[in-house]
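Below are two complexes that have chain A in common, paired first with chain B and then with chain C.
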Partner chain A sequence: MVLKILNTLITVGVGILAALVLYWLLNKLAELLPGPWEDRVKPFLYILPAYAALVFYLVYPAVQTVVFSFANPTSTEWVGWDNYTQLLQSESFQDTLFNTLLWMIVVPVVVVALGLAMAVLADRLNPRWESTSKTVIFLPMAISAVGAGVVWGLIYDYRPEGREQIGLQNAIITALGFDPVAWLQVDEFHINSFFLMIMLMWAQVGFSMVLLSAAVKGVPEDTLEAARIDGANERDIFFRVVVPQIWGTVLTVYVTTLIGVMKIFDIVYVMTNGGFNTNVVGNEFFNQLFSNFNNGAAAAIVVMLMLATVPIMIYQVRNFRREESMA
Partner chain B sequence: MRLTAKRRRTAFAATAAALALTTTGCLGSSDDGGGGGESGGDDGVVEIIGTTDPLVFDGLKAKIEEEAEAAGIEVDMQRVDNINQLILTRIQAGDPPDIAIIPQPGVIKQIVDRGEGVELTDDIVPADMISDMTPGTLEAGQIDGTQYGLMISMNVKSLVFTNKQAWEEAGYEAPETLDDLAALTEQIKSDGGTPWCFGIESGAATGWPATDWFEDLVMRYGGADVYNQWVTNEVKFDSDVVRQAADYFESTVLTEGNVPGGRGSIASVAFGDAEDTMWEDDPGCWMFKQGNFVVSADFMPQDVVDNVDERVGVFGFPPAEAGGENPVLGGGDLATLLEDNEDSRAMMEILADVDLGTTAAPESSFISPHTEFDNSLYPSELTRQIADVAYQADPFLFDGSDQMPGEVGAGSFWKEMTAWISEQQDLDTTLTNIDDSWPSS
Partner chain C sequence: MTSTQTTMAAATPTEKTRRKSSREGQPQKAGWFARIVVLILCFLWIVPVVGLFLTSFRPRDDANESGWWTLFWTPSAWSRLSLDNYVTAWNDAGLDVAFVNTLAIALPATFIPILVAAFAAYAFTFMEFPGRNFLFLAVVSLLVVPNYIAFVPILRIYSDLEIAGTFPAVWLAHIGFGMSLAIYILRNYMATLPKSLIESAKIDGASHFQTFFRLVLPMSVPALAAFAIFQFLWVWNDLLVALIFVGPGDNAPITVALRNNLMGQAGAGQHLVTAGGFISMILPIVVFLFMQRFFVRGLTAGAVKG
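Moving on, here comes the complex of A and B:
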């Protein structure tokens, strides 16, 4: 233990020292250059390590992934577009895409709507109750998805009829005289997928609420007063005065959640591993890579996911820029 | 220092192009990464990694360390959790352990495909040391007829557990054939009982207990050869023998009234909880087909485990016909030699010894693949009965789903079975889907 701590400290120390030496050397290098060139080149040299790290850890793996997506399971031979065509033609992958789409449509909207509702409602409470209720709502955020799986496993748990039901939902409905239901098996209208989505919403609403709450509190009081003087009712004030002023935050929360949802893996893996038609892209990727050892198909899935995320990222970045220029 | 949009785009394109150039065409070729023989290797310490059940592992480790010391070999034996991935990663990195104890022949095949693994010739493991191995256990370690893995401990899956007292009071007898078993199922039902305890929920691995049923039935209806062809997909899932197995399984287990809660409950009942009600005086279900590992406080109530010989009855899953071929389904841990040097060869000899399990057997669920193993060392009569089922195997056949490619054996086979049992799709779709998921290469 002591040895490990010592090791960590030494590693951190050496790391910092190496970084200092590197920058000092780069600086010296720039100073060797004649007159105006020193100032011209210096910023680039300073940003070089960060840029190199970005290329090395982000761009290079991304390009490598694209390359692998055109190769066979062990990445030893080219197979052209086979990975893509096989995936897109398989019925189970089409179901997986459809499920992912459902997640993308439902979860971000609900998370933003619920978060906003809670932010506004909590805002009306006295400060002590406001912070208490917010803490409670924020709490699930601190629980890992696997932990959430344990919690929600106890809610959705199913035992055959006649045995004691330890699942909350089944305990309730059997007490009311109905037969127990194997909740996660019910795939009519993708109900089981919705049960899984509830878990993510439960975990994410707190995050959405905190950000939106800050935005709501930032709405200038005088705009609200002006609206009241003009005779606007509370509904109009909310939709026409508050919401437009916090729209930027709403979009940010929406997009952040959306990107998170596109990558959703852990909840599905823990609860059903994609069984009963609840599979999503993230889980399929994991299974391709770690149970099928199929580098090609896994890479192809990631590439498709990357392509789908890019437009959203671009939109997000533009949005940030616009807000910055406005501020 | 702002670049114009155009220049920025040019810079980006240039970077991307440069990267693409450096990375394209650099698919790692399979034959230059490995060659682990010359690296690591002869450092005087024999490194063994394995993934056996912790109690079994500790028992074996004690014996191995003792023997190694006597032979003057230094040994470093570690238990790891995900050996299947770890071993391939370490081979790819050119740093394999000397010996890996692997529970899946499919992984050994992947190792051999990567040009690794040392053939266990007669001068490494002398024939007379392994002449008493249970029939079929040697074959389990062969890849295309060449011996790469040597089974050092085994587990048995063709077992049906019962509530011994209730069973004896009711006067039921162990069935001799599959037809007897079906008749017994009807008998229990007409006596007002629920014949089978069955659940297939197992988290991310949901469905696997159903695959054991299919394996047991396919090897009985088709015989060992057909079974082995089925495992390699030469015999399709969509075939008469698999349909015959499915029919038997469906009429014996899935019929309404044959499991508590009916067919719809199977996919949501944890496989290890299915027998919870079997131990009551008036059993909630009567027969529980599962591997020997299930006799443990992890799955059975503590008071049952504390009195196994009074509480737990067991019989071997019966053959198709009395006196005919008697295949037994099971698994085992296969010692695989990855670094060929003097010390690791000596270690393989220690692992092949009939007495390897003398410290593990009394303390754990260990069952030796050697029929001449001193069976008085097993901790209970129940374990001796289980070992007997295995030793009478003709032949012992390795768990099929563990030998199939991961896409099938740890993927579609589980998932499609789950979908079929929970009535989300019919049998035709199920069998075709599994065949379709078979990787082409």
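Moving on, here comes the complex of A and C:
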């Protein structure tokens, strides 16, 4: 163990030092250049490592993944569109897509709504209670999905009828006289998927709350005052004065949560591994890659995921350009 | 969690915050409705964590035969609470090694991208070069690209180079995945620094390298800290990248160890799983609680631009 720690320390130290030396070298390199060339080349050397990382870990693999998606499981032979048609025709993948869609519809809306509710309501408490309550809501952000799996395992746990329940949800309903339910196995109306979604909401609402809270506090007081003088009630003020002014932040939170939801993997993997009809795209990708060893199908799934994010990408870039031109 | 990675990205830029003085001096607005709703939400949010915390101290039979809430009306069970589960999970379930591994992954995977991104952000903010706007737009568009696209090709390369499962292999992956977000946040923050100060440093004969390390980096601490906390939490809590590029074994981080050595083992029992779970959460929670103010300020301050 001591050796392990020592080894680790050395690896970490060397890694960090190497990064620093790299920049020192790049800078020296630029200074060696004659006169105007130094200034011309230096910016590119400064951004070079960053772009090397982006190109190697995002751009190149994106192209390569598209190529793999038209090849067989071991990427040795072309199969045309087979990976796509087989996936899209399989009933289980259709269910997976439908589940992912459910997540996309439900989670971002709830996260924004609860985050906004918390932001507005906590704003009315005295400062000490405001910060305490916000910390409580924000805290799950620090907990991993595996940790959340442990935490929520104690809520959803199921024991057959007659045994003492150690899952909170079953303890409550058996106390009320109902039979215990294996919550994560009930796929009528996708109830089990909703229980998994609750875990993500639990983790994400704090983040939404923090951003929306900053936006709510940024609403100019005189606009609220003016509305009050005009005799508007609190509800009208909220929906007609506050909401329009924080709409930009609401959209930002919504879009970013949506992107996160599209990529959801760990919660599903840890809780059910996609069983009982709770599968989502991220988990299916992982299983194609590591259980079926099917590079082709895994790549095809990623390409579909990537295509689904294109509209969001366009939205983001447009948004950014608008902001920049206003600044 | 993985899902938050891009979250901050899109969140930081847009909103122009209208700072104003606090609302003190206003009539007390906290009605019963607000108080009760907040109380209920907080209760719902914290109860699951309390359950984990209490269960982790209970002996095997207690934890597997009765719910943690029974502790509240069986005082006799309190005397049986102990740290035994923690000792077992730490020593026998391999969480000690995994904890060290996670640090070994998370620290460089936090520090290096910050350095790399800060240099790029500096160039974007304070240097003129052809293609600057285009290159930055490329970063913005890469923000939403899911890191899934990297796994199949990179895994092949790693296997060919025989570096799959090593620490540097994971650092590099995290550097690549966190880069667009880091550049984006740092650049937006640096754009708010006074240009005149940098100009005067230049007139005084400071090189870009000196200006970067002595002036811009120290002035960007709020944004650096916010990203550092964010990236650290993300890497520490990551499961997917770790499963793909490290996998179970000697270098497995704590999320993988917890999943494979405890949750995946039917015999482990809730008492050990919860203790292991708490071990895996304690550091990020401490970092989070102590740095929360910094984090929140950084998150929302990214918005104060122009």
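Assume the second predicted complex is superposed on the first by the 268 of 327 C-alpha atoms of A that agree within 3 Å, B and C clash if a C-alpha of one lies under 4 Å from a C-alpha of the other, contacts with A are read in each partner's own complex, and residues count from 1 in each chain.
Criterion: a residue touches a chain if its C-beta (ideal position, glycine included) is under 8 Å from a C-beta of that chain, and two chains touch if they have at least 3 such contacts.
All figures in this text were calculated on a predicted structure; none of them were measured in a lab.
Enquirer: Could you look at A:270 and tell me whether it touches chain B, chain C, both or neither (first, second, both, neither)?
Expert: After superposition on chain A, A:270 lies in contact with both partners, chain B and chain C.
Enquirer: Quick one: classify A:64 as touching chain B (first), chain C (second), both or neither.
Expert: A:64 contacts both chain B and chain C.
Enquirer: Figure out whether A:182 sits in contact with chain B (first) or chain C (second), or with both, or with neither.
Expert: In the superposed model, A:182 contacts chain B only, not chain C.
Enquirer: With both complexes overlaid on chain A, does A:152 touch chain B (first), chain C (second), both or neither?
Expert: So A:152 only meets chain C here.
Enquirer: Touching A:313, do we find chain B (first), chain C (second), both, or neither?
Expert: After superposition on chain A, A:313 lies in contact with chain C alone.
Enquirer: Looking at the overlay, what does A:50 touch: chain B (first), chain C (second), both, or neither?
Expert: In the superposition, A:50 contacts chain C only.
Enquirer: Which partner chains sit in contact with A:300 here, chain B, chain C, both or neither? Use first/second/both/neither.
Expert: Once the two structures are laid over each other on A, A:300 reaches no partner at all.
Enquirer: After superposition on the shared chain, which partner residues are touched by A:287: those of chain B (first), chain C (second), both, or neither?
Expert: In the superposed model, A:287 contacts chain B only, not chain C.
Enquirer: Looking at chain A, does chain B or chain C touch a larger number of its residues?
Expert: After superposing on chain A, more of chain A is contacted by C.
Enquirer: Same chain A residues contacting chain B and chain C, which ones?
Expert: Correct list for chain A: 43, 59-60, 64, 68, 75, 269-270, 290.
Enquirer: State the interface residues of chain A toward chain B in the complex, per the touch definition above.
Expert: 43, 55, 59-60, 63-64, 67-68, 71-78, 90, 92, 158-163, 182, 184-185, 187, 269-270, 272-277, 287, 290-294
Enquirer: Once bound in the complex, which stretches of chain B touch chain A?
Expert: Interface residues on the chain B side: 1, 15-16, 19-20, 23-24, 26-30, 85, 88, 110, 203-207, 259-262, 264-265, 267-269, 276-277, 284, 405-407, 410-411, 415, 418-419, 422, 424, 433, 436, 439, 441.
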